[in-house]
Amino acid sequence: MKLAEFIISPILAFIIGIFLMGLSRRIMARIHRRYGPPLMQPVIDLVKLFSQRTVSHGPIFDIGVILSLAGTIALILFIPFGGMCPLEASGGLLVILYIMLFAPLGLALSGGEGANPNISIGISRKFILSLGYEVPFILIVLAVMTYYHTISAVDVVKAQSSFHWALFSLPLFLPGLAYILIIPAMLGIRPFDLASAPQEISSGPMAEYGGKYLALAEIEHAFSIFITIALFVDMFLGGSGNVVYFFLKVLVVFIIGLLINAVFPRFRTEQAVKFLWKWPSVMALAGLVIVLAI
Amino acid sequence: MSLEMLLVIAFGGAFLTYLLGKLSPVLRDILAVLLTLVILAIVALFYGRTGESSFMNFLGFNLSLRINTLSWLFAIAVATLGSLSTIFSLSYMKGKERLDFYYLMMLIVNASMLGIVFSGDLISFYVFWEIMSWGTFLLISYNRGPALAAGLKYIVMSIVGSTAYLLGMFSLYASYSTFNIADIASRISTASPGYLLSVLVLFSITFGIKNALVPLHTWLPDAHSEAPSPFSAVLSGILIKMGTYGFVISMYVLVGIKALSHLGHGILSFHFMLAILAAVTILVPTFIALMQDDAKRVLAWSSIAQVGYIILGIAIGTSLGFAGGMFHFLNHASFKALLFMAIGAVEYRTGTRDLNSLGGIIKKMPFTFMMTLIGALGLIGFPLTNGFVSKWLIYKTLILGKDPFLAFVALFGTWGTILYAYKILHNIFMGQLPEEYKGVEEAPFSMKFPMVILSIIIILFGILPGIPLKVINVIGVSLGFKSLAVNIWGIASDTGALNTINIFSAILVSWIVVWLIFKAAPTSLRVEQDNNYAAGSYVPTGRYLYTANFYAPVYRIIKPYVIDVVDIFYMALAGAVRTLCDWTRRMYTGELGSYVMYIMLFLAVLITMRLGFNIW
Amino acid sequence: MRKIIALIFLAILLWGITKPVSRIPFGTNKIKVAEHYITKDITETGAANVVTSVVVLYRGFDTLGEVTILFIAAIGLASILYLPRKKVSDEVLEESSLILRTGCRFLFPLILLFGAYIFVHGHLTPGGGFQGGAIIASGFALIFLSCRERVVSTVKLGVVESLAGMTFVAVGLIGLATGGYFLLSFLPKGTLNMLFSAGIIPVIYVAIGFKVGSELAGIIGNLMERTQ
Amino acid sequence: MVNPVLLIAVPLGLAFSLPIFGLISKRLEKYLPVIAMLFNLSLSVYLVPRVLTHPIIVYIGGWAPPFGIDLFVGPVGIFFSVIIALVGLLVSIYAMDYIKEGDTGKYHVLFLLLLTGAQGVVLTGDIFNLFVFYEILCISSYALVGYLRDRDGLESAIKYLVQGSIGTGLVLTGIAFIYGLYGTLNMADIARQINSIKPAANFITLALIITGLGVEAAIFPMNAWLPDAHSSAPSSISAILSGIAIEIGVYAIARVIFTIFGATDILSFVALVGIITLLVGEMSALKQNNIKRMLAYSSTGQIGLIVFAFAIATSYGIEAGLFQILNHSLSKALLFLAAGYMIYRTGSMEISSFEGMGKRMPLTSLGFTIGAFSLIGLPPFAGFASKFLIVKAALTKGGGLYTCLIALALVATVIEGAYFFRVVQVLYFRGSNENVTRQEAPVVALVPFFVLAVLIIAIGIYPGPVMHVLNSATSEFVHRIAYIQGVLR
Amino acid sequence: MSFLNANTYYIAAFGLIFIGLYIVMAKKNLVKVVIGLSFVDSGINLLLISIGYIKGGTAPIFSRPGISPLKMVDPIPQALVLTAIVIGVAVLALALSLVVKLYQQYGTLDIRKIRGLKW
């Protein structure tokens, strides 16, 4: 049973992630009053990319992108997801926080060897942005961990069983809202798409990617969309023992997040950081203070 | 083999090395390496031994050496780094001036650090401490130029520290009329909290200075960046940890965990204040490190920040925190030494460590890059490196101990760490290779070897943290902490366990999967760096680096906030003192009449005090 | 300003010294040690002049130091006024008048004789080695002033000075060797008020007389020769 | 048994005979001080074990005190006379090559007499005799300071002379009062009659004497002559002045306060003065560019520390003070001697001109470094032991005053560290690192460096034998009654 | 008046000392300073002598038999003064030689101008 989870959960996560990617393009298009690509478009893209031949700049160029995806897949195993959590007793949320680093670091290393000036700029922006959203994110996670007095994600989910959802508890309401605000930043989508800004620095860290590199990066992106939202669901919406139910929660959160943020233009790097350090951080901090006060 | 013999070998060998250097440089190098290896072997053989023996009588006091697991742990770190840095020196220092002196001082500092951790009383601790201080001063000054100011700053602060130590030591003596650590520890339980607090504060000044705790840190950035790289490795890796050792000794051995918990309460307790200082030590230096452009300076500031983690863990006073702090001390010793050595290797080959002018060296020094990468990952606390485990322990104890703000600072500091660690990687190794570095070569073997050893340690302790944690647990228990459920793969606990083997296997498996997918796709074509984006067009050969000023936006945000206020304050203080001193000597006007009047003044004061105020 | 402060200091000093001075009434009788010297002097030293016996015997060590100080002054003065390569004035000095020169030549031996008398009779009459030496030096001063062409060799004076000093120390050492005490009066006391009496006093006073005379003469000579 | 009076008589006799030897052969002159000091050293060391069992009291001329002058050769006296003979010997060896200018014969005479004076001060048991030997010490140092006869030398000599004469004048006035009040000059006899300084007359007398002696001891604010004199004298003389002369001043003050007056009431004030002296000295030294002036100010500071240690007045304190005297004598002598040849080689006293000395004169620089480290109080040098003892004494004495004062003293140590380490840096690490030709000091000068350095390290590591002597010396100061009874039995 | 009569010598002695000290402190000319020192010396010598004086006393010399020792003045201060005078002479000689040399070097005797060494 446990062994099956190791295989099922990444595959399900991949499917959901790809689906959400397709969905997001669709919804964005609708908001922009376009028709938009079909839902399967990301899959089609992947197939196409994998069949292409491309260039490489050196071993780290390869290793970095593999590392990035491998880390993200491994991360799935630590996240409670529809009753599954293959590696529950291995460090909990703190490990999740750290393994989330694999993806950006791998991409950055890989891109670094690409030596394209756009990549340098992109990486720099990506890291700065991460510094920006990590402040509220850490505060949020800390609030949750302190509130439930555990560092295990599974325990957090358990504590919210029978609809004691954290989002609707007094202390964790504000952190939950803050999390929604920073989701786009964590995913690097509008209005926080400054790292990959295609029009400006030709996709930033991914500027030198083509073929399978781009494909792996896209898969990684799909995974991170899922992970980011799954974490929210686990921490604030009580997770779920049921995969379908879990998926629904993810879907709802994703769409809400998309709708809130679709209308914003792109931030400049400093603006983004300042924004992230201001509103979401203050909300999360307030939550943390309330948690401590209780 | 007794402890005395070890110290005799260490000090005597140092002088022997110096004398041999006058005969033959080659023999000197061999002896130096051999000596450090012998010391390492002896210290390793000491494992598990405990005992205390008096070795000489100084001014009527018995000086004693003692060994227990705590001192063994520090000693093995000292001996390891000592031998590795000596090996690293072989080629790094080749052709520089005064090598005999350099090796002498390296070995003396090494020996004195062993003396510190093995000393069983406060006097011998002080003696070795001072020998270490002046030896370090001479080594820091070795590079001339700006190193001189750094050395002076270091030694002045060091003397301030030893002044505080002397006062603390003698106030203990005045109360207990013994200098033996164990004796004092056994008698101190009856002392009043106020007294203990004053002693602890005095000791904290001493150890805080060596340990570069924030308001006392200002010597470190200059000293670390200006010292020769192998010595920077020692300095950052182990020498500043002598302060950590001092903190452990003074807080948990001398005063003891029980008495410590009664020093104040809540946020105003001693250990909590220390933890807050440690948190500040993490936060501010991390961001100052981010703004540096000199690789060694980045690492220097980073050392301060990492030391903050160590002290944070130790100060919080739980068994998890203590284990985390102690483990982080080992880890920091390994990865920071590795990083300093790697930067040293780059500097050795390129002649610069300016982050804004380097770039693309990965093509020329892939091995060094890998080492730097491992070191940087350890520094970040990346899973599968040892830094992760220790930080995890610290975070966990902070979160569960209801100190989320400290935890936040620690975690946030880690994100700052990611930024500067990546900056080092990127600016030195990534990006374009400037024209002038087209000819650099890989580091020589004697540099590679210590780096390999250190990187193995980093990875090994990252995957199997139980090895050191078991030792640390023994120490913790001996100091009165609760025992931890240590396994070879981490820590088992009901509030969230750690299993590094799981993490390792998860990542390994996903790696293999992804790698298979990657291999299944069509193979890619290897091209030159600038072939793609420049599309074959002319690329200017001069400065075409986009690595300069790497995090410009964040600099703009944090610049007004991350100023080393303390350093500015100290510098202003030093300036004021100097002005005051200058004014003082204006008293000697050179005029004979005034001088005679000074004499009469003294007499008049005496007479007036007696006759006018009837004082005596 | 400076003067006012100086006066304030002196006023305070005056205030201070009134305390001990008021405890030392002027002209009262002497106390234990002095009484001992006066009453026991004759039996112990055989010198008629108590001051001399105090100077040379009871406090002979002080006198040795005193002689040394004068020696230091002479040597120190010579070293400070030292001129490398005999640059001693070669310029022709104006000759003094015949009367002066003749008078000086006439007086010089008399002064020397008087000085010698003073120091030889130090233990009998007021006077002694220092006084006699000073008188002798005044004779030299006369010579220096009047017969300027007749340069007295400071080297020779130095030899006399050294020999006299060595004599003093040697007398002391002989005392140490014979009686176990440095500066012991090992010679017989003789009869009171005779020239050859009072133990080593005459010997030492003769040495001091030569020494002081030569030293003071040397000082004067040096000051005259080397400061032009 | 050898009579300790030879410690004074032999150098004195040799000094008197030196001009005659000078007539025989100019080269002979410079060996006489060496011989004299060698004699003194061996005699002092020979006497040490005897004196430690019970002090030797020598009657000069066979007159028992209080009627004659006595030498009190106690542990203190022998301790000082060993230091004087040792430092004197080493400096006279050094001077054999160092002194080339001027009338060298006169230099050696004055040098020998200076040491004799110092020897006499520490041995004598009569206060006026002390004054006389003190004058021998002072006057010969006036002459020696001006020995080079350059502008600085003469200027500092006359300033030193005027201040010193005022000081000795005050001392003599004090002695006159003592005589007037108590009718005796023997220290033990005076001490027998004085039991406190409560009467104003006693206090004023004491004030006059310690002010006067304070001039030579360079206690603030009477130390204005010191930086001038020490910096412009020939280096060998600076070494003696710093290493011996001012310590003699401190000895005299200690003798007057402890033995004669038993004035323990005044000691907290003395401690304060000591700390002020220390602070002023070290602070003035901080920004000096002239190395000898820096060392001179440092001497002032060290004297302050010694005075402070004495003023603690517990047996720990006096012991610490004596140890610091030993340490300061050795270290400061070494520093001045080393600096002397460096100045000789570079022709400048500016610290900045010593760049690269570590290469040019490695052994000299090493000597300087060891001296500096010892003065700062770093282990394993002698300075550490003394600093250790002083802090121990101050803190075991207890009381807020002494704790504050010792904290200030340690602050001064920080300042001292700052400037000494700066010089060490200049010696070894400043300037270009190109190869410079080695111009080491001559062997004659290296011998003292070596001996002093070895002693500093040996005493630093094994202070035991020295402590043995110091214990007895301390009890001589502490046990006033024993002293009185010893002399007047 | 009796105070003056009783203490004439003391007043004179301290008068000399104070005058000397004042000169040393306040005067600018080096020769005057040296003269001041000389004043101080003389004053101290006078003080010593007057401390040893006995009203109506004689010199302590047994120049002829039968002199009563009871009326002799104290011999010790006289011996001390002898020493003090010699010391004074020595210092004076040395001081004057220094002054002479200084004048040759500086061309002035003003102590405000002889200030090569300060701070």
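The first chain written gets the first letter, and so on, giving A, B, C, D and E; residue counts start at 1 in each chain.
Criterion: a contact is a pair of C-beta atoms (placed from the backbone, for glycine too) under 8 Å apart; a residue touches a chain by one contact, two chains touch by 3 or more.
Please read these numbers as outputs of a predicted model, since none were measured by experiment.
Trainee: Would you mind naming the chains that touch chain A and likewise touch chain E?
Mentor: For chain A paired with chain E, the chains in contact with each are B, in label order.
Trainee: Check D-E against C-D and say which one is joined by more contacting C-beta pairs.
Mentor: So, comparing the two chain pairs, more contacts are at C-D.
Trainee: As a test of understanding: of all chains, whose mean C-alpha position lies farthest from that of chain C?
Mentor: Comparing chain centres, A lies farthest from chain C.
Trainee: Approximately how many whole Å separate the CA-defined centres of chain A and chain B?
Mentor: 36
Trainee: Averaging over Cα atoms per chain, report the distance between chain B and chain E in Å.
Mentor: Roughly 68 Å, centre to centre.
Trainee: Quick one: report the Å distance separating chain B from chain C, using the average Cα coordinate of each chain.
Mentor: 73
Trainee: For chain B and chain D, what's the span in angstrom between their mean Cα positions?
Mentor: Once rounded, the distance between the two centres reads 43 Å.
Trainee: Where in chain C do residues touch two or more other chains at once?
Mentor: 2, 6, 9-10, 13, 16-17, 19, 21, 24, 30, 33-34, 37, 58-59, 62, 65-66, 69, 72-73, 76-77, 80 - these are the residues of chain C that touch more than one other chain.
Trainee: If a residue has to touch 2 or more other chains to count, which residues of chain A qualify?
Mentor: Correct list: empty.
Trainee: Going by the contact rule already set, what residues in chain B reach two or more other chains?
Mentor: In chain B, residues 585, 588, 590, 592-594, 596-597, 600-601, 603, 607, 610-611 touch at least two other chains, as defined above.
Trainee: Could you please write down every pair of chains that are in touch?
Mentor: A-B, B-C, B-D, B-E, C-D, C-E, D-E
Trainee: In their shared complex, at which residues does chain B touch chain C?
Mentor: The touching residues are 593-594, 597, 600-601, 603-604, 607-608, 610-611.
Trainee: For chain C, which residues are in contact with chain B within the complex?
Mentor: 2, 5-6, 8-10, 12-13, 15-16, 19
Trainee: Where on chain B does chain D make contact in their complex?
Mentor: Going through chain B, the ones touching chain D are 57-60, 97-98, 123, 126-128, 130-131, 133-134, 137-138, 141-144, 147-148, 151-152, 155-156, 159-160, 163, 166-167, 170-171, 173-174, 577-578, 580-582, 584-585, 587-588, 590, 592, 594-596, 598-599, 601-603, 606-607, 609-611, 615-616.
Trainee: Tell me, which parts of chain E touch chain B in their complex?
Mentor: So the residues of chain E touching chain B come out as 21, 24-28, 30, 33, 111-112, 114-119.
Trainee: Contact residues on chain A for chain B in the complex?
Mentor: 6, 10, 50-60, 62, 65-67, 69-71, 73-74, 77-78, 86-87, 89-95, 97-99, 101-102, 105, 108-109, 112-118, 120-121, 123-125, 127-128, 130-131, 134-135, 138-139, 142-143, 145-146, 149-152, 155, 207-208, 211-213, 215-216, 268-270, 273-274, 288, 291-292
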